[in-house]
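Taking it in order: structure first as C-alpha cells, then the write-up.
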Amino acid sequence: MSKTKPKSAWRHKLHEIIYEADTPSGKVFDVGILIVIVISIALVMLESVGHLNLKYYWEFYIAEWVITIIFTIEYILRIISIKKPKHYIFSFYGIVDLLSTLPTYIVFIFGGHNLLFAVRALRLLRIFRILKVTRYIGESNRLKNALKSSGPKITVFLFAVIIICIIAGTLMHLIEGEAGGFDNIPVSIYWSIVTLTTVGFGDIHPITPLGQFIASFIMIVGYGIIAVPTGIVSSEFTKSEKDSIPKNTQACRFCNETEHLDDAEFCHNCGRRLDEK
Amino acid sequence: MSKTKPKSAWRHKLHEIIYEADTPSGKVFDVGILIVIVISIALVMLESVGHLNLKYYWEFYIAEWVITIIFTIEYILRIISIKKPKHYIFSFYGIVDLLSTLPTYIVFIFGGHNLLFAVRALRLLRIFRILKVTRYIGESNRLKNALKSSGPKITVFLFAVIIICIIAGTLMHLIEGEAGGFDNIPVSIYWSIVTLTTVGFGDIHPITPLGQFIASFIMIVGYGIIAVPTGIVSSEFTKSEKDSIPKNTQACRFCNETEHLDDAEFCHNCGRRLDEK
Amino acid sequence: MSKTKPKSAWRHKLHEIIYEADTPSGKVFDVGILIVIVISIALVMLESVGHLNLKYYWEFYIAEWVITIIFTIEYILRIISIKKPKHYIFSFYGIVDLLSTLPTYIVFIFGGHNLLFAVRALRLLRIFRILKVTRYIGESNRLKNALKSSGPKITVFLFAVIIICIIAGTLMHLIEGEAGGFDNIPVSIYWSIVTLTTVGFGDIHPITPLGQFIASFIMIVGYGIIAVPTGIVSSEFTKSEKDSIPKNTQACRFCNETEHLDDAEFCHNCGRRLDEK
Amino acid sequence: MSKTKPKSAWRHKLHEIIYEADTPSGKVFDVGILIVIVISIALVMLESVGHLNLKYYWEFYIAEWVITIIFTIEYILRIISIKKPKHYIFSFYGIVDLLSTLPTYIVFIFGGHNLLFAVRALRLLRIFRILKVTRYIGESNRLKNALKSSGPKITVFLFAVIIICIIAGTLMHLIEGEAGGFDNIPVSIYWSIVTLTTVGFGDIHPITPLGQFIASFIMIVGYGIIAVPTGIVSSEFTKSEKDSIPKNTQACRFCNETEHLDDAEFCHNCGRRLDEK
C-alpha cells in the first residue's frame, strides 16, 4: 500500500516523538521544548531591559548560545525524521524555527551590532513557537471553531466600528481643531478608536464643550454596541457546545497533517496509513 | 403593463450596472467605485496632516481633480440611467454624492481658501458613500435587523444611563467643587459619562476621599450594568438567527427601492415590474 | 359599592389628567410637564457654568421663576385632585416635588446667597421628576424586572469584586509604597477599582516592575470576570422575554396605586373601583 | 456507631454555634464576628492614612487591642470546640486566623517598629476572614460552580490573550523605541495588557503614526474578543441554572467538612454521623 518505504525504524520512532504527543516520550519532548521556548522568550525580554543587560551580559550570552544549539538540534531532527522535509521547511512553523535560530549565528559571523534591530526582531519570532504546543489543547480547538464561525459577523461589526470611528474622528477634528490635540484626521481617528473601545488613554481629549458633547455621544455608542460582538459569540458558543468531535495528536509522516480522528487509520489529507512502519 | 416606456436599451443596461450588483459588470462597477471612494477618503485624511500637505501639495491637487471628475461622471450616469431622476437626486445618497463632489469646483471658481473649513467638511461626506456598498453584504443586514429589534430596549437602557450620569455628575460637582476640575455641572456630567462607560481619560479625576468613594461607586455600577445591553442583544441574536430571509440586490428602475425578495417580480414599493424592458 | 363619594366631577377629571396617561389630555399634560422638567434641569446645569451665569443672569432669574410657578401650580393641583392627599405628599415623588420647588422661595425670602450650596443641591432634585414619566414606558418595566430578578446574583458578584479590590489594593500599597501614588490603603483600593473595572484614569499608576506585574494580573482578572454579570443578566433576559404582562397607566384615585392590568376594574391594592365617578 | 465520644455537651453546643449557621445563636455569632472583621479591616485601612494615624493614634491603639483580644478568644474557642483541632489549625482559615492575630502581640513584645512592614502585611490577612462568611450565601456557591466549570476555557482564552499581548508588546517596542516610553519589552507587554483589556492608563502611549496604527489594531482586537469569555460564561450559566442542589451549613465535628446535603446524616468526607452527641 505504501509508496515510499521508510529507510529505518529509528526515523519512524523519531517522527513519533517529535511530531506527535500521544506517546510518553512524545509528551516529554513537547514539555521539554515548551520549557526551552518559555526560557528563550524570557531571555529576549530581559535582555531588552538596559540595566539587566549590562549586569548579566555574559550570563545572557551563554544562555543564548545554549538555547540556539538546542533549537538547531531540534530543527535538524525535525528535517531528518520527516519523509518529505519540504513540507516542514516551507511550512509556517518551519520558517519560524529557522528564522528564530539564525540570528545568533549571523551576529557571531558578521559581528552584527549594526544590525541589532533586525536580529532582535528575528529572535522574537520564537514566541510563535509556543503556538505549536497550543494545538494539543482540546479547549483551544473549540474556541478556535467558535471564533471561526462567528468570524464573518465579527468582521462586518468591526468594519462598522471603523466607519463610525472615521466619521467621529473627522467630526472631532473639525470641532476641536488643532488646539485640543486633534491635529489632523488620522490622529483624530486614532482618538476615536481609543474612545469607542473604552480604552481612553487621555493623551488626547476634547476641551471644548461641543467636543466633549460629541465625545460623550461616542462613548455611549461604544458602551452600547460592545454588546453586539458578545451577542454574536454567545449564540455561536451555545451552538458549538453540542458538536465537538474528539481529536488526537497523531501527525501523518508523509504530509505532516495533524488533527486526525481518534480511530483514523489513514491520513485524511494524503490517504496513506497513519501507523505504517 | 408598463406605464412609462424606456427610451433605449442602453439606459436600462446602464441602470443594471450602476444600481445593481447581480451581473458581472455591475460587480466590477461597484468594486471600482469602492476603490475610488477608499482612495478619496485616504486622500482627504492625508491632506489634513500638515507636513504631508506641504510636501506633496501638487500630487494631492492632481489626485483630487482625478477623483472629482470620476465622481462627477458617476453622478451624471446615475441621473441619466434612472427613470425618475428625482428619486435619486433628493435621496440621502444623491445629496451626499452631490455635496461631496461640489467643493473642488467651488474652490476652483471662487478661490475659496477663506472657506476652507466648510469645503473640507463637505469633502469628508464622501465617507458616507461607503455605506452604499455595505447594503450588499448579507451579514450586515442581519446585524442591522438584530440591532433594530433590540433598539427600543437599548434606547431605554441608554436613557437610564444618561439619567444616572446626570445625577452622578451633579453629585460630584457638589462634592469635588471647582478644585478637582469639576468646574460646572455639564463638565461633571461629561466626566460621569467618561467614567461610567469605563473609558476613563483621566483629564478630570476626583481628589477628595469622598469624591473617590462616589467615583468608585459609579465605576462599579458602570462595570455591573454593561451586562444589560449585552443581555438584550444576545437574546435578540438568538432569535434573529432563525428567521433570515434571503434578499437580492435588484433595484426598481422607477422608485429606486432595493431589498426585493429573490422571486419578486414587482417592486413592493411602487408596484411596477422589476424586469420590464 | 363606593365608600367615599367624590365631591365634584372636575376633581375626578383632574385626577385622570394629572395621574394617568390613557386619555389625550392626560398625555398632553405629561408631555408638557416632561418638557418643563427637561428645561428646568438644563437651566440648573447652565447656571453652574460661571461665564454663562454672569452673562445671562436676568434671563436665568426670570426662567427660574416661571418654572417655579409652574411646578407650584402642578403641586397644588396634585394635592386637590387626589382623595387622600397624604398618599401623594408623603410619597417619594411628593417629597421630591416639594423640595425641588421650595429653594426659589427660600432664596427670595431669606436672601440666601450664604446657603447657595444647599439650595442648588435641592433644586437638582428635579432630575428625579423625570422618573415619574419613565414608569409609562413598557420596556423600562421589563428592564427593571430582569434587573430585579438578577439582583441577588449581581450583588454577590459585586461583593466579590470589592473583596478582590481590597486585597489587590492593600497588596499594591505594600509593593508600590508611597512613591508611586499608592499613599495609603483606601487610595490603593480606589486605584484597584479604577483598574479592575477597566476605567483606568491614569492619575495613579504603578512604576515598579513588580507593581506593574500585579497590575497586569488585576487587569486580566477584571477583563475576564466582566463576563460574569453579563452571563447572569443574559440568562435572566431570556427568561423574562416570555412572561411580560401588559399593563396600563390607570392610577387609583384612593390609594394612588398604578400598574393595573388592562382589564382591571378594581384597584388591586385597596379594592375600590378604578372608574367610579 | 460513634468511635470517638464527646467529652461534654457544652463542647458540642459550642461547635454548633461557632462552625454552623443553622441555629439562632449560630447566626448571632456569625453576624457578630462579621461585624468585628469589617471593623478590623476598616481600622487597618484608616491606620495607613498618615494624618489620621497621627491624630487618632491612641484610639487606633485601643481599638486594635480590643479586636486582637476578640480574635484571640475566637481562635481558642474554635480549637477547644472541635474534636480534631489539627483539622482547623492547619486549614487555610486556621492559619489566616493565627497569622492575623499574632502581629499585635509581636509588636507588644519585641517593640517592632523596625518590622512594621511585615506586621502590617500580616494584619491585612484579616480580609480573608470575610471569606469564611461567604460560603453560607447560596448564590455565591452557584457563581463559584459556573466559574469552576468554565474555568478551563477561560484559562485557554487568557493564555491566548497573554500571547497576543507578548507579540503586540514586542512589536510596539520595536516600532516606538525608547522615545515613546516603550523602554524595554516587559514594559511594552505591560502596556499591551493595559490596552487590550481596555484599561488605558495613559502613562505610556504611542506617539509615532505607525505605533498609533498598531495600537488601534490592538484596541479593536481587545474590544472584539471581550465577547469570548462572556460567551463562555453565558452558556455555562444557562446550564448551571437548571441543576442547583440545595445545601445547608452543617459542619462535621470530626473533619470540619461543610457543604452537606439537607438530609445528610453522615459526613460525606469521613463517614461519621453529623448529629451524634
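The letters A, B, C and D name the chains in turn, as written, and every chain counts its residues from 1.
Operating definition for what follows: a contact is a pair of C-beta atoms (placed from the backbone, for glycine too) under 8 Å apart; a residue touches a chain by one contact, two chains touch by 3 or more.
A quick note: this is a predicted structure, and the numbers were derived from the prediction, not measured.
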Touching subunit B and also subunit C, the following chains: A, D
Numbering shared by both copies at the subunit B-subunit A contact, with half separating same from different: different
Chain pair showing more contacts of the two, A-C and A-D: A-D
Distance between chain centroids, defined by C-alpha means - subunit A, subunit C (Å): 47
Between subunit A and subunit D, centroid-to-centroid distance (C-alpha), Å: 34
Multi-chain contact residues (two or more partners), subunit A: 157, 186, 189, 198-202, 226, 230-232, 234, 238
Residues of subunit B that touch subunit A when the two form their complex: 41, 44-46, 48-50, 117, 120-121, 124, 127-128, 130-131, 134, 137, 139-140, 142-143, 146-147, 154, 157-158, 161-162, 186-187, 189-190, 193-194, 196-203, 222, 226, 229-234, 236-238, 241
Parts of subunit B lying in touch with subunit C, wherever the complex brings them together: 152-153, 155-157, 159-160, 163, 166-167, 170, 173-174, 183-186, 189, 195, 198-202, 205, 209, 212-213, 215-216, 219-220, 222-224, 226-228, 230-232, 234-235, 238
Subunit A partner contacts - residues on subunit C that touch it in the complex: 198-202, 230, 234
